[in-house]
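Think of it as A, B, C and D in the order they're written, each chain with its own count starting at 1.
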Amino acid sequence: MITGAFQQLTPRSVGGIIQLGGTILHTSRCLEFETKRGIEKAAETLASNKIDGLVVIGGNGSFKGAQELSKHADASIIGVPASIDNDVYGTDETIGFDTAVNTAVTEIDKIRDTAISHERIFITEVMGRTRGFLASTVGLTVGAEIILVPEVKCDRSMVVGKLEENRAKGKRSAIIVAAEGIGDTRSLGAEIEKDTGTEVRLSVLGYAQRGGSPTARSRLLASMFAEKAVKLLLRGDGDSVVGLREGKIGRIDIQKSSSIEKPLDLSLLELANVLST
Amino acid sequence: MITGAFQQLTPRSVGGIIQLGGTILHTSRCLEFETKRGIEKAAETLASNKIDGLVVIGGNGSFKGAQELSKHADASIIGVPASIDNDVYGTDETIGFDTAVNTAVTEIDKIRDTAISHERIFITEVMGRTRGFLASTVGLTVGAEIILVPEVKCDRSMVVGKLEENRAKGKRSAIIVAAEGIGDTRSLGAEIEKDTGTEVRLSVLGYAQRGGSPTARSRLLASMFAEKAVKLLLRGDGDSVVGLREGKIGRIDIQKSSSIEKPLDLSLLELANVLST
Amino acid sequence: MITGAFQQLTPRSVGGIIQLGGTILHTSRCLEFETKRGIEKAAETLASNKIDGLVVIGGNGSFKGAQELSKHADASIIGVPASIDNDVYGTDETIGFDTAVNTAVTEIDKIRDTAISHERIFITEVMGRTRGFLASTVGLTVGAEIILVPEVKCDRSMVVGKLEENRAKGKRSAIIVAAEGIGDTRSLGAEIEKDTGTEVRLSVLGYAQRGGSPTARSRLLASMFAEKAVKLLLRGDGDSVVGLREGKIGRIDIQKSSSIEKPLDLSLLELANVLST
Amino acid sequence: MITGAFQQLTPRSVGGIIQLGGTILHTSRCLEFETKRGIEKAAETLASNKIDGLVVIGGNGSFKGAQELSKHADASIIGVPASIDNDVYGTDETIGFDTAVNTAVTEIDKIRDTAISHERIFITEVMGRTRGFLASTVGLTVGAEIILVPEVKCDRSMVVGKLEENRAKGKRSAIIVAAEGIGDTRSLGAEIEKDTGTEVRLSVLGYAQRGGSPTARSRLLASMFAEKAVKLLLRGDGDSVVGLREGKIGRIDIQKSSSIEKPLDLSLLELANVLST
């Protein structure tokens, strides 16, 4: 939008890509777009190309930019939440979240083989930026003994206490799932090792969480969000973010979506705690 | 329940199995349970063992049996919907459905490699008994050109018409996803081959759809359903089926669940049709 | 080669495809190539385009055609064995074989979940055309109770005998891996069910075996075969098929490769029999 | 062997585990075994239990211990090479190596989605202890632009030179596969980022490489090694390590296996270099 590099896409342009990860658009963060001049250029490009509808696929950062742009442009703008972090207000789930969750779960299942065989404590750090959505869903679904997220304060003595309680019950290995947002997991591991006297290993699950063939659910969500976005554009219902709420596809104001912090569902953590007893 | 073969399970009994397919209980269909004598024996076993709560994990068949049993037994009975067919009224999704969908999607993605490379029509038959839940979700998420389900009449001329329309647009291969419930896919393939003059191949996706490591979503649903079932039992709220509705875990009467036919969401089929244009 | 539709490929043409199944060349069986006139046209096309080297990627059928072509053309011709059937003489393994084996193994592992849970006999039919290479490797590596290949006569009474022996030892489920080349597996299943009184289920593993992301080993083999093919072309060493023998990449005459039947390693079947005891 | 905790295994003991990662034996490194007293205790345990054959499954460390034990014990001792590092002299491949390679390849394929989409350089660190077997096979089979192993000196200026050469050819992303044995990949990444001006991301592929369902090839190798080990024991041919060489299963002296350093096949690195041009 800043350089005016447009390309017309037809249904054939997206043939045979539904099973691929990544983006054929090669979009990525654009610093110029965060400046007033960048936004103005983008608005001019839209106007001079007579673009009357714009779909922005991304997370909070993209939506903040979209909202800024909407102040300078006439085009209807719709946000489609796609992020492995699931931290977009107005939708229970973002495109890509289920894929990232399953990638992490598959990896941690493999790590558990080593944990169980050799009776060690494993800390597995998952992504999620500053939030714990990914960590809490992954932690529950791998049967983690402990889940650490930025939203819930948890000092080391509580972690060590739970580990020792488990050991007393006969559990000889443990999986700790930690959100990257909690801070330095390497030091945490060293401290737990010192406190428990049990070997602690750290695995930082990396960028694989951002790629890979999308799961059925991520594809389904993408399809339904896309349909809703087009419908909103057709009736001129701009400045919206589409989303899944109470099992239905709906919309909220983009201003609302990008300014409200999405709350973490703490009941998942409580359930995980019960199940790992 | 008929033979009185009980075994006490503790939290340790289910340690390290969250990632496994199948059932450690080795349960399967029991013909005797479909007789009056079988039901009475089961009720007696419950009474003599002082069992006051029973959780039945399964689909419609299991819940019909559970409901029958509840007429003869004092125990509170809760149904937990677990079925790859997703055909249980009262829940938007059953445990195992997401796993079966993803298994089918992964296989069809592989089949598409051959379809695209060699320009053929593939019919892939998925499970689902008499219903089209699995086929419609799988069909949409693999980007199938055509989806055939028992709930929607679709004569051969419509299928052939759509295939020829696609070919005119430049699509040289096609994936048809068919529910097992539509009948003889082998004959259908032969007829389409005759009508279109294009080679048609059939793949019946088999029992792999019933096994395999559960997806994160299936594990999550199982965890949340289990929690709800226990809560219902604790407050004596029997004769219930737990379920996911409007994004929340709730309950409905087991009598209602097993007597009402769950409607298929036709909007998925319409969306798939639009997307495969 | 018959229509003269050439396209120059550079290293960039194959960028980012190493992880994909299928072929970007969209080649498939060509009936015209099996006629004298087809071969002559191909030879003319090579000559008029001054092509002095040709790499044929495929199985026995492709190599027979290549050999025929070499009688009419001056170009050096090299065969690169790529087939999920592994039935090419002169190489211990073909490109794609390891991928197909792992796809089948992954599926049968999932089927085993159901087999073990519900105590049934499963027949899983794998590909392999008229040969048992795929079935014997898959059968051994899934721990099949019985493996049926065209190369070894095995009447039904032997199968039933082995199943009953297993049951006597306490094995309550069984996996039979059958090569498609043994004939009608559906009837076989019905007969075994009648003879044993145990439910028998059939899963025909389909075209997914021909696609999917290649395994590391298939990619490695492809890379090493390609290097050898180019080296042979550079030194004018045509009419060759490259292959893996005794752990090394070598070559044999294309005439020899396409005329000798590759023997099946029966020791795998014997080992499988010992291990499934 | 030190504590005398024996358990008799029958064929049924290993039923239904062929598809699982990890070890049901829960063995792990034992420091006491590295002392003279530990070895003597083990020898006494073998003698007092009349054990006349011992199979040691592991890598170089285990075989050094086994060899030491053989000086004090009468039992025949056979080593079966199982290690994801593939660093055992006397075998072209170890059990588990193919599994670890494929796990790493699957992950890096997913990382490449992000690399290609967003035009970055990714360093992916794989395991392998002090050796480059895993890195070189993984690097070649993911189509890495650069592979770094401890066996080949490669200063930073060469890496940067190759990256700039690629960029000049139009390649806008790059995957570097680095063996953990080359040292600090985090600093390396920071330096490359400074030198090239392109964002560099690091993913350390963790303990998942040690677990997971074994590939068909790892299962095949395990089956064939086991058979050979038993045959050697039956004919009293102890102090041996079984292995795959020139495509055949054979044996070498355990003393030789544990004292000679296995050479890395540099031709894989050269081929990878050619293919990534």
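Throughout what follows, contacts are C-beta pairs under 8 Å (C-beta built on N, C-alpha and C of every residue); 3 or more make two chains touch, one makes a residue touch a chain.
These figures come from a predicted structure and were not determined experimentally.
Q: Tell me which chain's centre, taken as the mean of its C-alpha atoms, is farthest from subunit B.
A: In terms of C-alpha centroids, the chain at the greatest distance from subunit B is D.
Q: Please work out the Cα centroid separation of subunit A and subunit D, and write it as a whole number of Å.
A: The computed centroid separation for subunit A versus subunit D comes out at 33 Å.
Q: Starting from the mean Cα coordinates of subunit A and subunit B, work out the distance between those two points in Å.
A: Chain centroid spacing, subunit A to subunit B, equals 28 Å.
Q: Could you put a whole-Å number on the gap between the CA centroids of subunit A and subunit C?
A: 41
Q: Identify all positions of subunit D at which a residue touches two or more other chains, and write them in rising order.
A: Answer for subunit D, listing residues that touch two or more other chains: 109, 112, 116.
Q: Please list each pair of chains that are touching.
A: A-B, A-D, B-C, C-D
Q: Hey, which residues of subunit D end up touching subunit A in the complex?
A: That would be residues 20-23, 26-28, 103, 107-114, 116-119, 122, 124, 201-212 of subunit D.
Q: What residues on subunit C touch subunit D, complex-wise?
A: Within the complex, subunit C touches subunit D at residues 11-12, 15-16, 18-19, 92, 98, 101-102, 105-106, 109, 112, 116, 137-138, 140-143, 169-171, 213, 215-217, 219-220, 223-224, 227, 244-248, 271-272, 274-275, 277.
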